[in-house]
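To start, I am sharing the structure in question, which I have written as structure tokens.
By written order: A, B, C and D. Residues from 1 in each chain.
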């Protein structure tokens, strides 16, 4: 959207890439002792965030497995509606594209995504609420 | 344990600290646009590993909660024995202290820790195995 | 906003989503759970806006998008009939799938906004993650559209079997892998769109051969897919909320598919390979003359008013006829007369897991009168009347007794153990599985042929005499 | 080894530990689960050695340490009597607690080895995490030692109430916080050792006022603590296996404490505040003369041989008397005679959750003959004989009927509903809760006074006549 912004971004990225490369070179420089490597590794400084994300992903699958099995069968239809609603958290991507995108076409895509996903957010949570409000118990 | 090793380690650590400081300065330098910051943040490059570890910790508590509730009451005693055994994964700390420690006293502490924890590892898993081997079913 | 703090907030939002699903473990906590979900979504949105403060124009666009989409969603949510939930869920999934494609496209055209590199220099890892996300998203999109059309009756439920479709699917799959490799190496936008196109086609081809009645399993499977797509994009964006939510939704869909397949005693593979359960097959005619005892609304009213215990077994036909309100009225009359009334729900009654429960809840049936198969099955032996309304397969004793039956092994409600079994349906035709129900010809069975709603209303009237 | 790959392996090891606990959801999968646990531990150790390749000397030391500790552990595991499991677990926890302190000390003296900075320049965050780990570890250590001594009878089970102990505990807690702040700012080794000392004292003071019979709850709570200590050190070392395992163990201990408190209908707070359940209190004497029907082994043998259904209710006394083998023999005799024999286990029977199950399993009782409270409680009404061996509180009807009873609300086994109730114990004394059991004076009850093992053996002999 904004030429100067884009340039600034490019530069920032290149600079940080260079620094990162430097750090990497340092870490793998010959002559560095295994112990140093290990220490660095253990402190987590050198670990790719991907590993952490992957760990989070795997643990979340475990959590999902147990949480969903604990859902009572009587609420399986609301479950489908609410998981649908929460999967629209993909909205964060759409917001980035619309809000700070540097290209018009990307903004366009983002806007479409945002609209679609808003249907889901509002539709999903509201229809779930509507369903859940219907489940009643004796003595009330 | 080894003077040169310790020096090398010290130097490595100082160097990497300097680089890390540089990266940090860069990221928080005035004049960097919010978008740049955000972008960087979103890519995860600037995120402190602590946040990831904390996420992993929280999710693991959820997993633990569900996994332990799913343990059958008949096996609660083996459960206590086996959780005890797995908590000795703290052995990784002891191994570092003994294996690559740069100071004699730390090696000593590590060695004591290693011995204690080995009692647990072997004792815990074996006593669990002994217990579990006793649980039998009809028709086998 | 500080990036670490933002990540922390995304984690909070993920945790709130976990709590949202956890709330569904019981009706009393479920509304609270839904609220947690909304708060989680609010936090995710607010965090993103605070982290990447949009320009004024961008902000306007965002508000506009939220308003348009939000009002469409809100109106739909308010208007939709409870019987149309399967369609609605399918339609919503298609939106998530398409949105995933769009977000990925935006990321390809403006990678800087997402912090994944610059145009023509996107990190390879991000490209791989993204292309997985976009492919799964596109498959989810077209697949869900087909499922929606079939469920909504806008397309024939008949399985459409294209010759050599397995071959075509495999070819498309291989093409996708090649294209993804190409995208990582060349970063060409054309390749990106080719991936989208191939996945869209694949989505259609995968779902078209599956019969309309298997659509619920498909919808749940697509739910799972939309989760994995979200998780893949979560990796690209390094967003904890997306990763956690993706995993949750992915598990959820997979587990529900599994529950449905188990409830039907079919393998997931056989569902996916398709070709099962198109139009209702004609009842098999084995040449033996069999007699059916037919009854009237008056007979039914008399029987039930003089019973001590009545168990109501609703099925798909009740949903089609929208008979839940009439049914509640009937139950009220019976209870006023001192009859013990309970509802028995089979795990795959209707066309969606929990479908019957929602409909009964809509008609103000209290959920502590509604029981699951395992909890009530032993009570049929003590019941005077089993009132089977629009259910069929889930009561078919051949699933229990006849090893040669295609549904053999599927757990059923033992309505045949009740003293009298009243069957409300329009004909002696079979249900979704296309299998004749031997129960119709049993001594203790009385058929009440007619529309479920009309018949129940007539019974209510007859009770007043 | 590449640091990323190592982290991945640590994750795998964490996942294997999850699967280990998951395996315990059923006896058939439990052995597999234990195997997963061992593999996980092996991976964690191998990864660490590959990541931080030790010097030859270091490697020698490691092997030596593993050998010494491992053989002590293996011998203990082989020799220990199943009745001593509570003590064993307490003793093992103390080792983990002390090891956590030692690892933290090593990290303070050689921070470079752990990648947390250099001597006198350790990262503040690492220091905070570490001091939390060391404090919790030290509390776990001394707390577990006290629990072990009380459980093993080497120290009186009587609660030792020191005047103003709540005040001292709070003061120690405040001191700990101050010391941790000091440690972060000065990084003084003296402060570190002061933290250790304060925590060691706190561990003693926290556990000493708790009665011996409450020790199982304490052991489980300390189990939880050792988990949190491991997790805290996991943060310091950035080790995924430690973080995940710590969280698992932490949850596990907390949940088991909760289950025990619920099984006893007591609040966790009241257990922790201590002063309950020292020596067995004398039976309350309300002045009313009550008659007790006493029987002999011959009476018991006759009654049971002529019964159709016998339910055996084991309790703490069975464990003390080591009567499980004799009991199995008796059950075999009965079954050979066509009697239906089942075992009913109360959630807090014995002195540890699942304690009775292990003992019965040791005596080769098949686990599908052993039932939990909810699953068997309704069957007592159809049983001819309830054979209560060394159990007391878990059968006391005052928990069900007498609102003024201190154990009112605790779920009990309804042995009083059986036609005859045989009570094997040494006296008319009370059990752990120190409450008189009104069941002893009931018509349908026959007391078999004597040691559980001897009495059961005599009954077996009498059956042969």
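Keep in mind that, in the parts below, contacts are C-beta pairs under 8 Å (C-beta built on N, C-alpha and C of every residue); 3 or more make two chains touch, one makes a residue touch a chain.
The chain list, named the UniProt way, goes like this: A, B = proton-translocating NAD(P)(+) transhydrogenase; C, D = NAD(P) transhydrogenase subunit beta.
What you see is a predicted model, and the numbers here were worked out from it, not measured in a lab.
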| item | value |
| --- | --- |
| Interface with more contacting C-beta pairs, comparing B-D to B-C | B-D |
| Maximum centroid distance from subunit D, chain identifier (CA atoms) | C |
| Separation of subunit A from subunit C, taking each centre as the mean of its C-alpha atoms, in whole Å | 25 |
| Between subunit B and subunit C, centroid-to-centroid distance (C-alpha), Å | 41 |
| Where subunit C touches two or more other chains, by residue | 14, 18, 52-53, 112-114, 237-240, 244 |
| Subunit A, residues touching no fewer than two other chains | 9, 13, 34-35, 38-40, 42, 44-45, 47, 49-50, 52-53, 55-56, 58-60, 62-63, 67, 70, 96, 100 |
| Chain-level touch network, classified as line, ring, star, complete or other | other |
| Pairs of chains satisfying the touch condition | A-B, A-C, A-D, B-C, B-D |
| Residues of subunit D touching subunit B in the complex | 10, 13-14, 17-18, 20-22, 24-28, 30-31, 33-34, 37-38, 40-41, 44-45, 47-49, 52-55, 57-59, 61-62, 64-74, 76-78, 80, 82, 85, 88-89, 92-93, 95-96, 98-100, 102-103, 105-107, 109-110, 112-114, 117-118, 125, 219-220, 223, 226-227, 230-231, 233-235, 237-253, 255-256, 259, 345, 347, 352-355, 357-358, 361-362, 364, 366-370, 372 |
| Partner subunit B, residues of subunit A touching it in the complex | 5, 8-9, 12-13, 15-16, 19-20, 22-23, 26-27, 32-36, 38-40, 42, 44-45, 47, 49, 52-53, 55-56, 59-60, 62-63, 66-67, 70, 96, 100 |
| Subunit B residues touching subunit D - in the complex, by the definition given at the top | 1-2, 6, 9-10, 13-14, 49-50, 53, 56-58, 60-61, 63-65, 67-103, 105-107, 109-138 |
| Complex interface listing, subunit A residues touching subunit D | 34-35, 37-48, 50-52, 54-55, 58-59, 62 |
| Parts of subunit C lying in touch with subunit B, wherever the complex brings them together | 3-4, 6-8, 11, 14-15, 18, 51-53, 112-116, 126, 237-240, 244 |
